[in-house]
């Protein structure tokens, strides 16, 4: 099967972010989406630690330790940016003001349940961060993840087995193999990574893919 | 009986405001307290419409329509002032950050109940403003009022008859005739306006004055 | 992204019959007089107005009351010296009135803007304004449960704005404007100066994400 | 009014054994490293630390954990790359941990600072973190009831301060600092620059009424 690399996956997500959108990019892979938004679109990025209007990474040597995003990367400001404190930042998320959030996930269920903060490995202390606030407030939740775990087991499931982040919150899942919408009927195919066959993708998916 | 004029009453209240206090002055007579604080004390005045550090009234001709206090008087800023919006302003009040509020009243009961926002005259539509927020949050509530209504009837009572602003919230009452504390036993005399006799004051008070 | 709108009239055009409209301001500070006048000209009726005051004399909200465009008022201090049009409409039974303690009014609007389902406040506990409301006693202190208060529109007044909708204010004119920007689905700001350059991100008070359109109205009250 | 304190040591002196201490910062921004070091030197133990993170490497809160001064941690994201001292203490069962979603953590602190008795938030509804909590469904949406979170002390970091305790910040270093200033009984700020003149009242982010003492610590992280 054809598997998108991280940059191509980021570009595929970026294609679905419209001009003028307010977007929160989760820690890790989602951070890279901003580098792939098509020319001519002005997208405004929110970071939970208190900035809207996140600009590009600064040139080396010009980093400011008090200018970081939620992934702790050094950032700059884009035109039209604003700084604020945490309650205002989370009001933007919980209050439905941000249009789209892009998050990583351990598991997504066909009813839109999301598991992305804790596994069943009890050696690790839990760490939730801002994910639960994002998913209840932001109207459009994009998940960006590998289609399968390293051992080949599916991450798209009929029901999540890991502790949930939110119930019925995911709208669209972008994986290295395909893009799927969560609908009242379950997962519905949006598109396949070019070169892939639906039957092959279905075989590594833990729930039915409707077309 | 000796009755304090408005200026002398304001000065009597001001005597009980310590150096370094954060104080909210209610609409009307309490506004004048700030002009009578003894020299050498720095008192910081909060106004509910979004300023802490209210300064004196500006010279005529230098009024700024966007620099007013809760009584809609033109104001200036004192050194160390800050502006903020309404939620923060009321967090200061409700959250116990302001030390003292000075309010007018229709009635005060011996258990500290306060009535200062509505009478029993139903021709007037009710208007509550910020009084209810002040009394639940500010730890020390001073009431500043005439001892009696115009018809001579008492405003200090065993129980309020008008709708309440807050329950058991008043700490000290300053009137033109006397200063009284609200204690678990009821009103307790702090001092009489010089020249007055306790029996005379008791006669125009609707509850027992303890000494 | 360009949230600039050419005229006050264009700015209020989305407001339709029966809408709920938050209006910023306290006393005479921070009131969007230009937008109110445009709404008056538009003649939209059946409005629910959410504001601290209900206007005085013949200015601001009083104009909307006089013109009969208001069906309902939610505010903390409707009656003030000169609030003749509010009083006339109220006495004639032509408007519904909900009086809300001022801090509770601000906090209810914030709850809507912040996506909260309600909160417990000690304000008003045991008073007329808590009658019929859910209450709770925690550690001996009484609280009233208050619901979020949202609106279809907010009319705001600020000192400066930019094309992203960022706003900053002057003096005591912030008052309800920032929280109403959060609490309404469509927030419209008139600004004294509409800046070509973006506002300094350190001094923005209301980030543009809370503002849907901004128009210049240089006249001061 | 003069809230200036000469040294970091004097600033943390009021903190006693078993106190609850909010500590500002997110990642490496806005962390009061100077005050944390002073608290380390003072050796006060049995602390409840309320913060977004639980420190990484050998800096900040990690130092207090290493020194065994912390009995309990309330935070949203304790585990992060290099949070070895948190992990060691947690695995050994030497600290109690309460994990709170980040927005709920901020809002609970705000509720304490604003005198509210609690609030309903949709965050965490139906998840492990809502287990045992009161819930409510309003218009088909589930909410969890959350309690105010107060502390005895807050340790804050700001860019500028004045003798009235007013604070302003730089960049993304505000984060939890302003709300923690509100939520603690005694808030202590280290500032990069302690200004002789009062800060501009338009650009104050945390009004001095929320701050009990302020001390200069010019070192940047």
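Letters are used for the chains, namely A, B, C and D, taken in the order the chains are written, and counting of residues starts over at 1 for each.
Operating definition for what follows: a residue touches a chain if its C-beta (ideal position, glycine included) is under 8 Å from a C-beta of that chain, and two chains touch if they have at least 3 such contacts.
Bear in mind that the values here come from a model prediction, so they are computed numbers and not experimental data.
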item	value
Contact-graph distance - origin chain B, target chain C	1
Of A-D and B-D, pair with higher C-beta contact tally	A-D
Length of the line joining the C-alpha centres of chain A and chain B, rounded to whole Å	54
Distance from chain D to chain C - Cα centre to Cα centre, in angstrom	33
Chain B-chain D separation of Cα centroids, rounded to whole Å	35
Whole-Å gap between the CA centroids of chain A and chain D	28
Shared-contact residues (touching 2 or more other chains) in chain A	51, 83-84, 87, 90, 93-94, 136-137
Multi-chain contact residues (two or more partners), chain D	107, 110, 114-116, 121-122, 169-170, 202
Interchain pairs in contact, sorted by label	A-C, A-D, B-C, B-D, C-D
List of chain C residues in touch with chain D within their complex	107, 111, 114-122, 136, 138, 141, 143, 168-170, 202-203
Residues of chain D that touch chain A when the two form their complex	26-30, 76-80, 86-87, 90-91, 97, 99-104, 106-107, 110, 121-129, 142, 159, 169-179, 205, 220-221
For the chain A and chain D complex, residues of the former touching the latter	47-51, 64-70, 72, 75, 83-87, 89-90, 93-94, 118, 123-133, 136-137, 163-167
Chain D - residues contacting chain B, complex	1, 110, 112-116, 162-164, 166, 182, 198-199, 201-202, 204, 207-210
Chain B to chain D touching residues, read off their complex	20, 22, 42, 44, 46, 51-53, 77, 79-84, 87-88, 90-98, 136-137
